[in-house]
Amino acid sequence: MAFIEIRDLTVEFTRIAEDGSEVPGTRAIDGISLDIEQGSFVSVTGMNGSGKSTLAKCLNGLLLPTSGNVSVDGMNTRDDDKLWDIRSRVGMVFQNPDNQIVSSIVEDDVAFGPENLGIPPLEIRKRVDEALKQVGMYEHRLKGAHMLSGGQKQRVAIAGAIAMRPECIVFDEPTAMLDPMGREAVMKMILELNAEGITTILITHFMNEAAQADRIIVMQKGRILADGAPSEIFMTAEDMAAELKRIKDR
Amino acid sequence: MSIEVKNLKYTYNPGMPGETLALDDVSFEVHDGETIGIIGHTGSGKSTLLQHLNGLIRPDSGEVWVDGQCITDKSAKLVDVRRKVGLVFQYPEYQLFEETVAKDIAFGPKNTGIAEDQMEKRVRAAMSIVGLDYDEIAESSPFELSGGQKRRVAIAGVVAMRPSVLILDEPTAGLDPAAHDEVLAMIETINASMNMIVIFVSHNMADVARLSDRVLVMDKGKIAMQGTPREVFSHEDELSSMGLGVPPVRDILKKIKEAVPGFESDALTTDEAAEDIRKYFGLK
Amino acid sequence: MIRDITLGQYYPGNSVIHRLDARTKIIATLLYIIELFIVNNFWGFLIAGAALAAVIALSRVPARFIFRGLTAVFLIIAFTVILNLFMVDGRVLWQWKFLKITYEGIWRAAFMGVRLVLLIIGTSMMTLTTKPVELTDGLEKLMSPLNKIGVPSHEIALMMTIALRFIPTLMEETDKIIKAQQARGADFESGNLFQRAAKLIPILIPLFISSFRIAQELALAMEARCYHGGKGRTRMNEIHFHRGDAIAAVLMVIYLAVIIASRFITFNPF
């Protein structure tokens, strides 16, 4: 059994018309099935509106399927009793660094998740310190969140996810609003976490980021357009150089 | 039409704990019809510089001359300055506020005193330049549009003021690749069809290489380097010491040069690189 | 300017004041405010000022940092002082057309000015020395007896946490929107009061939309981090009363008595 199993997933958004009636809206995800293995690094790419962010929100039950099923470690996201268990195993980091930090002080924000899980205070302290050290923000733990750069805020958000000790983290365009330095720091973090065995799902429209995964899923109009190893989807610079050398030598 | 910036100096929070010298003796000139790319890592003073060019910030010392008028002079009328120099901020779609696209675009021209009967013509022209269909979306709410469309509506709102200089702060930030390309093409159109000076800030070196006639490199509030994209990007080591890169196509060309001795290319854009490769390897 | 506002900001430290239980500091601040209104002469302010100075010294928060908060509300203070200066009838010292300054006016303006400055510095001492989370935890605990009559103390405390967190964000956002509209030729400085109010629409609408977007995204992020109300939630730093809080309580009672006594000092050098 795969860690995350997606079967015939369809998500439709209904719109409320001005007279208050429900209008069937767009189909954001159109019948996709996928298995994501424990410990793998999968990137999902596609244009805006391809359904990639909708897919991300289905993985921890933030959105529920219109039809089909998503299960995490055998638990169906439709099962209300399992929802908090699923969310504690599948952490999530969002695009906007500002709008996912709840508390003014860095360490208090990182503690937010574990506090919701009802973990004892001393254990929370330990987890928060470890998480902040891991993302290199420990020395900033007492700073106000609004004093940090975008890249630093995003690392605090990652620490907030790690402190819940998840098995999997879904990154929903985590670098889209960062400058190149912030982007690099966040990508480095993501690779390190995956190397430690955390199942990693990265939603991105930067191809150089997508190419660092073990597997790339390309989405278009709610469907899977391509799914394979980076070498099957892209040609690397090395491949291209080798290919051209072959042409030259011919 | 030209811009002359002379010895600009500006300090944030003077006398406070957070005191920083944001601009340190910055001077440069921009000539008629040029497109200037400004690069520099976060905090190098780029955004502060842009805000000096249309009078949103007044320098501690130094002057900015636009079209023979000194806009840093106390007697300069700011409405005139802002009509002359259009500034598009980062994520400009966050400033949209009107019920319809047409009304939002008309906000700028209305503030500068354009007559009501001229307005539709203005708005139509601005929308066509940024590649939006007037008949299709002029009456829609700007909040129902896609991200790329919103961005273009916001840019049209500044273009409609018919400035002689258009300044854009990271015009492609946060857009997906398709919308990104559309915005780049739009900037080229604006520069070519209206003969506007375009000054833009970007972290994307491929964009800078594609659009700019000249590149200014900012570092710690100073202009560290300036020249054509080819000149600037040939200083790869210096740029990297400032935390800046070169267009990614350079990396691919480097790998090819290593694999195939004899192949030469100093292309900066993918189109140029493809052309060089085709020629050298005799491909179609 | 916007970054100068210290209201709601925290100054990290480990002084005796920092270590006091948030509930002690909230009650002390409330008492202090009430006492400022009990005071009826400058002797009382002298005592309040001395107490405040002692607290500032103990907290080790640099005075520069505290006074920076005052510059941000300078306008409000100036407005109060000027209003009192010209509006009080009495022995006229200076007159020009309908404007007049009276002996009583000067006294009153100085009195109100001092009261306001002491009020602002005093309350900012609470936020400067208490982490926002401790402050809201303290409020939640103080309000928890009210749960029985249906007051949602956890939700109110969480709302305050989020408000404190997003004040700086929204201020920056406002600054950006104002500049963006100015770049489109908007003029916020001329016109009468009504015209000026109408001109705020291009700022207020984008600001509302931003706030809604923040709220929506934040709600998702909180859900993703397993937020499901106050039930079963634990705290990283549980707040507890210590010996320091008992000492603080005794000092507060003494201070209250002194302030009340100060009302009866009749010697007035002014």
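Think of it as A, B and C in the order they're written, each chain with its own count starting at 1.
Simple rule for what comes next: contacts are C-beta pairs under 8 Å (C-beta built on N, C-alpha and C of every residue); 3 or more make two chains touch, one makes a residue touch a chain.
All values reported here derive from a predicted model rather than from experimental measurement.
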Reference subunit B; chain at largest CA-centroid distance
C
Just list the two chains that share the greatest number of C-beta contact pairs.
A-C
Chain-centre distance (mean CA atoms) for subunit A and subunit B, in whole Å, is 32
Any idea how many Å lie between the Cα centroids of subunit A and subunit C?
39
Spell out the residues on subunit C that touch subunit B in their complex, using ranges where they run on.
3-4, 64, 68, 173, 176-177, 179-187, 201-202, 205-206, 209-210
Given the complex, residues on subunit A that touch subunit B span 47-49, 149, 176-177, 179-182, 205, 208, 237-238, 240-242, 244-245, 247-248
Within their complex, state which residues of subunit A touch subunit C.
57, 60, 62, 84, 87-88, 91-92, 94, 96, 98-105, 107-108, 111-121, 124-125, 128, 142-146, 157, 160-161, 164
Using the touch definition up top, name the residues of subunit C that touch subunit A in the complex.
8-10, 12, 131-133, 161-162, 164-165, 168-169, 172, 213-214, 217-218, 220-228, 232-238
In the complex of these two chains, what residues of subunit B are touching subunit C?
13, 16-18, 51, 54, 56, 79, 82-83, 86-89, 92, 94-97, 107-108, 111-112, 143, 157-158, 161
